[in-house]
Structure formats: structure tokens, C-alpha cells
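For reference, chains read A, B, C, D, E, F, G, H, I, J, K and L in written order, and residue numbers begin at 1 within each chain.
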Amino acid sequence: MSSEESDHVYKKIELTGTSSKSIEDAINSAIAKASETVRNMRWFEVVEVRGNIDGQAVQHWQVTLKVGFRLDG
Amino acid sequence: MSSEESDHVYKKIELTGTSSKSIEDAINSAIAKASETVRNMRWFEVVEVRGNIDGQAVQHWQVTLKVGFRLDG
Amino acid sequence: MSSEESDHVYKKIELTGTSSKSIEDAINSAIAKASETVRNMRWFEVVEVRGNIDGQAVQHWQVTLKVGFRLDG
Amino acid sequence: MSSEESDHVYKKIELTGTSSKSIEDAINSAIAKASETVRNMRWFEVVEVRGNIDGQAVQHWQVTLKVGFRLDG
Amino acid sequence: MSSEESDHVYKKIELTGTSSKSIEDAINSAIAKASETVRNMRWFEVVEVRGNIDGQAVQHWQVTLKVGFRLDG
Amino acid sequence: MSSEESDHVYKKIELTGTSSKSIEDAINSAIAKASETVRNMRWFEVVEVRGNIDGQAVQHWQVTLKVGFRLDG
Amino acid sequence: MSSEESDHVYKKIELTGTSSKSIEDAINSAIAKASETVRNMRWFEVVEVRGNIDGQAVQHWQVTLKVGFRLDG
Amino acid sequence: MSSEESDHVYKKIELTGTSSKSIEDAINSAIAKASETVRNMRWFEVVEVRGNIDGQAVQHWQVTLKVGFRLDG
Amino acid sequence: MSSEESDHVYKKIELTGTSSKSIEDAINSAIAKASETVRNMRWFEVVEVRGNIDGQAVQHWQVTLKVGFRLDG
Amino acid sequence: MSSEESDHVYKKIELTGTSSKSIEDAINSAIAKASETVRNMRWFEVVEVRGNIDGQAVQHWQVTLKVGFRLDG
Amino acid sequence: MSSEESDHVYKKIELTGTSSKSIEDAINSAIAKASETVRNMRWFEVVEVRGNIDGQAVQHWQVTLKVGFRLDG
Amino acid sequence: MSSEESDHVYKKIELTGTSSKSIEDAINSAIAKASETVRNMRWFEVVEVRGNIDGQAVQHWQVTLKVGFRLDG
């Protein structure tokens, strides 16, 4: 959080994004989806990295993250 | 998560279910209550098991769990 | 949770309150803000205490807490 | 803890109960035994679930819990 | 471990058992399966309790445990 | 522990103090209560900070701490 | 785990994969190597990310993961 | 960290501040002392709260925190 | 715990033993002291290893352990 | 650490690197910056992955790592 | 891991060694036993130190460790 | 920390000491090395015990510890 935001209250939600490409892409996928309904997202924290396996390679990356956003008003 | 669900984004919420019967019943109680307003619940993870005591026996089991559900669309 | 509330289901949300005064004030700030939209809040648990620094003193206390509230009905 | 008890001080002790039947039974076994010497027990928190194995099945469930009780006076 | 076994070396493996009935049943399921190939299993420790959800109830309990067994000879 | 105390053995007990005023006051409340029966208390470690909520503010701070004291003789 | 697999028992093994390219590549390296001897691998969980340094850059990424696979039959 | 600082590299050091007054004062004591030799301190995270006991009250609060500061240039 | 003891209930206490010689000696010091007042001690678990420093060497090893003992009768 | 280095003593420092590109790039950014003043860096361990969000995407990756280096002589 | 080994994949197994003498001896006991069937062991990490008590002294040290070894070829 | 030192501020650094002899020796090795440049060291806390393996025995013990020292003046 930057200094100018510090008088506010924030809420954190926990999301799991998935991607067949990379860890970063799974995180961006979760944030993009959340942005459809959540405003003022400020930061995220990775909680867990896992995935499923198809034969002998990673099929989907599944990254759980907490996203903090400022409560309006 | 099964493979066919992996292109989606999931949200996890944290609930505490209670029951006078068993740990399993407290978990099912929380999931049944959540199903009244949350669709597409897929999995849960137990976070904490505790309870209150009446005299010399467990009175209520209180089980905190995280429940993951698919965000629509 | 008191005994008479034990047949209910509770949800926990995670908030970060901020204050330039104290840790306690940051917690009360988060609870006061949440009370505008959340009913039946019962307890909280402190998850993290941090803050930002302005020169050589704490500028804002940032306290992350989980707040449990009874689901209606 | 319910509200009316909040002016008190509580002590927590750590117990391991055992049972050949179930996790819940091992917890109740520990609480029943403790109630012989400890008054005013209010809540418990499960710390660990383990057990020993006899051949190919669980022989005894061993559940470690913390039990909180109000200090008298 | 009992005293008379203490001169041995033990190995721990991590298993996930599943059951539609209960947590205890999922644990026994994992131990029974492991007993087909592993001898001298002595104790287990529960690592994680989770499960999948079908509509508004638990469909399968998935319990991850570590199982300790004595290395032969 | 200071150097001159280092040849002794210490025991740690776990307490939960409560206060309507502050975190520090809840800790001092627990220590004052324990001092009625425990001698030679030397240090404490905070384990958990939580509390209950009355409407839109903290009603009681509940702080769990471990207290170390020297075993006599 | 998908629903249809839930009647099975799974084993988890812990591997460390290495790569000079990326975290993802180190994970795939471990899974590809394990697939030479392990069948029915289903999912993985990242446990640790570390690496060694050559001068002023990462030389090798070393990622420790747990891999879950279904026990046959 | 605010957005405009994000291209920098930060170092975190671990300090223990002490105070006979309060947790907040112990933290400010550590930051004030560190500011004599460290520039560009930005944030802190509380790691541990403990203290020593004199008779039946807290004598000194001892708070361990990590302090992050921007590396120059 | 050995099998024949599994029908009992156990209590765990937390002790800190000190020694100028070794980690093992600090543990034995705590157990010997506890044996003056506690019967039926069965096992211990090391919780923390620390110590104080005199100039450039360890002066005293301070080892915190939990000790489990069977509750009588 | 390789075998030939094992007679030495190592120090670990904690850094946060940032990057708008990837997790790996943030880590290399921290190591490159540290190499300006620290010699003999040998390994790193990732402690935390987080970042800030600009609208609906990750703006900067912020990766905290510990870096171990051999103390000279 | 030394640099020259970094292109390989490693597996970690979890063992518990026992000894009536010391913590170090329990670790060496586990490694010696594992070396009868496992090649290319490279490093270990201590996970837990515990033991059983005979009267008023430690009877056996029980140390759980993870051992990493290079997968062949 | 002893009582008379409590008005000071302390810094903690993280070191890894190595030894072919014992865990205690690895810790003393780290402290002796640090004492060449750090004054007023007061206490240490063990963070991790690991080591490398040569064939079928421990070759070097590698113990990571935090060392606390008083900041001058």
C-alpha cells in the first residue's frame, strides 16, 4: 500500500487462477476475472502454487492468491 | 479440481460450521448453508477443528473450512 | 462464540485496517468500516501487524484481521 | 468464549486422548478424564491427529488438543 | 513407537485416502491399500483433511496422512 | 533469561487474558492473575490476539500468551 | 483430483527439479524424470523455490514439489 | 511499497525494540534507533511480541520486527 | 506411545532446560527436574533450541521441549 | 552449498526484488543489485511472492528472497 | 547441492533414526540404514527431534529427517 | 535478554555455521566467525539443521541460526 492510501480499509479475497502457460499467467487470469466485479484492487500475495499433470508434463498451473482491494468510500 | 474445470477462476471463502454430532456433520452444515447463496462449489479444505465444552463433554463441534467455487462465466 | 450461537454457520472475511494512532485503533477502524455492510459480526483474529515508515517513525499501522459473522437465518 | 465470561483469565492445557473408535471419541475421552480434576472447562482446539497401526488398520486414534478453562475467582 | 522398537530405523510415506463416508474411513482406506505392499506399518499422522463437493454436500473425504513403518532387518 | 538464571529449569504455561481496554492490558491481566499462584515468572510470549465484537467495535481483547517461570530449587 | 478418481488411494512423493531457465521448467524437469518410473501422476504442489548463484545471477533454479499419483488397482 | 518505488530493490533487517510502555512504543524505539544508520526505511512487519516480567506485571515489551528499506541508487 | 498404553489420557507440559555442555544435556536437565514432581513421563518433543552468548561462544544452551506423561488411573 | 565450501560460515540477507516482467526477473534484479556490494553469493531461497495491481493486471512482481554468501577468510 | 549436480532431479525421502546416545547418532543411524538401498544420497534436513523417556532420562532419541538423493541417469 | 539490557535495541542476523563434528560445533563456529566483526552478541536461535552426506554418513553439519546483538550506544 502506498502512503496516500493508508487511511482506508482494505478487504482481501482468496482466488485460484489457472493457466496452461505459466505461474504468472495463472495469477493474471485470476486478477482479470476478479476485475469484472471488484474495484480498487491494489496488491496480491501468492498463497500456493500447484497444478495437475497430464501424462508427463504440467497440464494446468493452479495458483492461489490473496487480492487486497480498498473498500469504497 | 478436475481437468475440464481448469480453465476457470475459483474463489475460496472461509466458513465455520457447527454441530453437536460430529466433525463431518459440522462441515456438511457449513456447506449446506453456503449452498443457499453460492453456486458451483467444488472442494473444501479443513482449517481448524475446535469446539466448546459443557461440563465434561463436547457440546458443539466448530469446524472452520475453506470452500472453493468456480466463478461464473 | 457463545453457546447459544453454536447452531449457526459463520463466515470469516479478511480485512486490513489502518491508523496513525495504534494497533487497537487500526483494528477498530476495520471493524467499524465493515459494520456498514456486514451484520452479526461476532469475533476477530489478528493475522498480521505491519505498517509504513515516514522517516524515523511509524506513519500508519496496518493490521490484518479475520472477522467472523453469523450467516443470517 | 461467550461475552459474559470475557472478564476472566483462562488457562490452556494440552492433552492427548486415545480411542479405538473415532477421532471424536478420543477427544471426548481426554475431556472426560480432565474433568475429574479441572473445573470450568470452556473450549478445546485440536492440535494433532495421529494413531498407531495394527497390521492393516488403525488400532488407536491419538488426538492432541488444547483445553481452555476459566481460572477461579 | 514403543520402547522395544526404538533401535530401528523408520521410513514415512505420504498417502491420500478417499471415502464417501467419513474422515476415519478415508484414513483406514489409505492404510489398507498401503498394507498390500508395505510391511511393519506402525503409526500415522494426519497432514490435511479436504474433499470435493457435489452440489450441497461432501461427496468424498480426502485425507492426507504420513505413515511410518520399520525398515526391515 | 539473564545469564545468572541459566542453570535452572523453566516451565511455560499458556494463558488467555481479557480486557476491554487494550492488548497490553489483557496481557497484564493474565500475568496479574497468574501471579496469585505462580512464583518466579520471568518472561512471556504472545501467541494469539483475538477478541469479540459488540455491534461495530471491539468489546473485549483476548490475548493468549505463554508465560515462563523458574522451577523452584 | 477429479470426482471419478475419488475412490482411489494416492501416494505423494517429494522431488527437486532443476533448470537454468525458469521455475516452470524446473518443475517440468522433475515431472518428466519421475514419469520414467511412476505411472498415473495426477497433481503437484510446490514446496520450495530456491537456487544457486553464479556471480551475480541465478545459475540453476531448484524447485521442490510434491507429486501425487494414483496407486494401481 | 507504493507504485513509484517498485523499480527498486529493498533489503529487510530484523530488529528487536524494547519499551516499558507499550508494544507500539517498542516498535518506534527500534525504528528510531535504526534511522541513525539506515536511510530510506519504508515499511515494517511485526515478527514476535514478548517481554520480561517483574513480579506480577510486564517490565519491558520486546517486539521483533522486520524493517524494509530501499537500497540506494 | 506404545500400544499397551493407548487406552490412557496424556498431558503435555512445556519446559525449558539449560546446560553449558550440549543440547542433549539441556533436555536431560529439564526431564530430570520434572521427574521430581511428575510421574509416568513417556516422551518429549523439541520445540526450540536457543541459547545465550558470552563473548564469542555459547554460554548456555536453552532447549524448550514438550513432555508427555500419562494421567494416573 | 557444495562440499568444498562446507568449512566456511555463511550469512543470509533478505531482499525484495521487483520487476514488471516475471517472478524470475524480480529475483535476478535483487541478486544483481546485491552483487554490487556483496561477494561470494552462493544460493537463494524464495520467501514470498506478491505484487501490486494496476487496474486489472499485475503491475510489478515483488519477490522476497534470502541470499546466502560466504563470509570472507 | 553443488553446482555440477544441478542438472539432475532429486528425490527426498523421510526417515526416523533412533539412538540411545545423541541426536547426531540418530541421524547417522538413519542415513547408514538408508545407504543399504539408496544410492547417491546428497543432503538431509532435520524435520523433528523427539524421544521416549525411561523414568527420569531420555531413553532413545528419535530424529526425523528428509534425505535428498539424485535420481540415476 | 537480561533485565538490565532491556532499554536497548537489538539486531538479529542470520548465519549458517558448518562442522564435521556436531550440531553444537557448527553453531559455535558461526558465532566465533561473527565475533570477528560483531560486538555485543547476546543470544541465538536455531532456525534449521541440515547437512550434506558423503556416501553413508554425515559429512558436514550445516546449522542456520539467528544471532541477536545490542546496537551500540
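Note that in this section contacts are C-beta pairs under 8 Å (C-beta built on N, C-alpha and C of every residue); 3 or more make two chains touch, one makes a residue touch a chain.
Since the model is a prediction, treat every value here as computed from it, not as a measurement.
Need the graph distance between chain B and chain E over the touch network, please.
1
Which is it for copies chain A and chain C: same residues on both faces, with over half shared, or different residues?
Different: when the shared numbers are divided by all numbers used, the fraction is under half.
With residue numbers as the basis of comparison, which of the pairs K-L, A-C or J-L duplicates the interface of B-E in over half of its contact pairs?
Checked against B-E: the matching pair is K-L.
Between chain B and chain H, what is the separation of their C-alpha centroids in Å?
Measuring from centre to centre gives 38 Å for this pair.
Please work out the Cα centroid separation of chain I and chain L, and write it as a whole number of Å.
The computed centroid separation for chain I versus chain L comes out at 22 Å.
Please tell me the distance, in whole Å, between the geometric centres of chain C and chain K computed from their C-alpha atoms.
The separation of the two C-alpha centroids amounts to 44 Å.
Which residues belonging to chain D are in contact with no fewer than two other chains?
If we look for residues of chain D contacting two or more partner chains, we find 1, 3, 13-14, 23, 52.
Which residues of chain H touch chain J in their complex?
The touching residues are 1, 3, 6-14, 66, 68, 71.
For chain I, which residues are in contact with chain L within the complex?
22-23, 48-53, 55-58, 61
Could you list, by residue number, the parts of chain L that touch chain I in their complex?
23-24, 27-28, 31-32, 35, 41-46, 67
Which residues of chain H touch chain L once you look at their complex with the stated criterion?
On the chain H side, the touching residues are 13-18, 20, 29-30, 33-34, 52, 54, 59-60, 62, 64.
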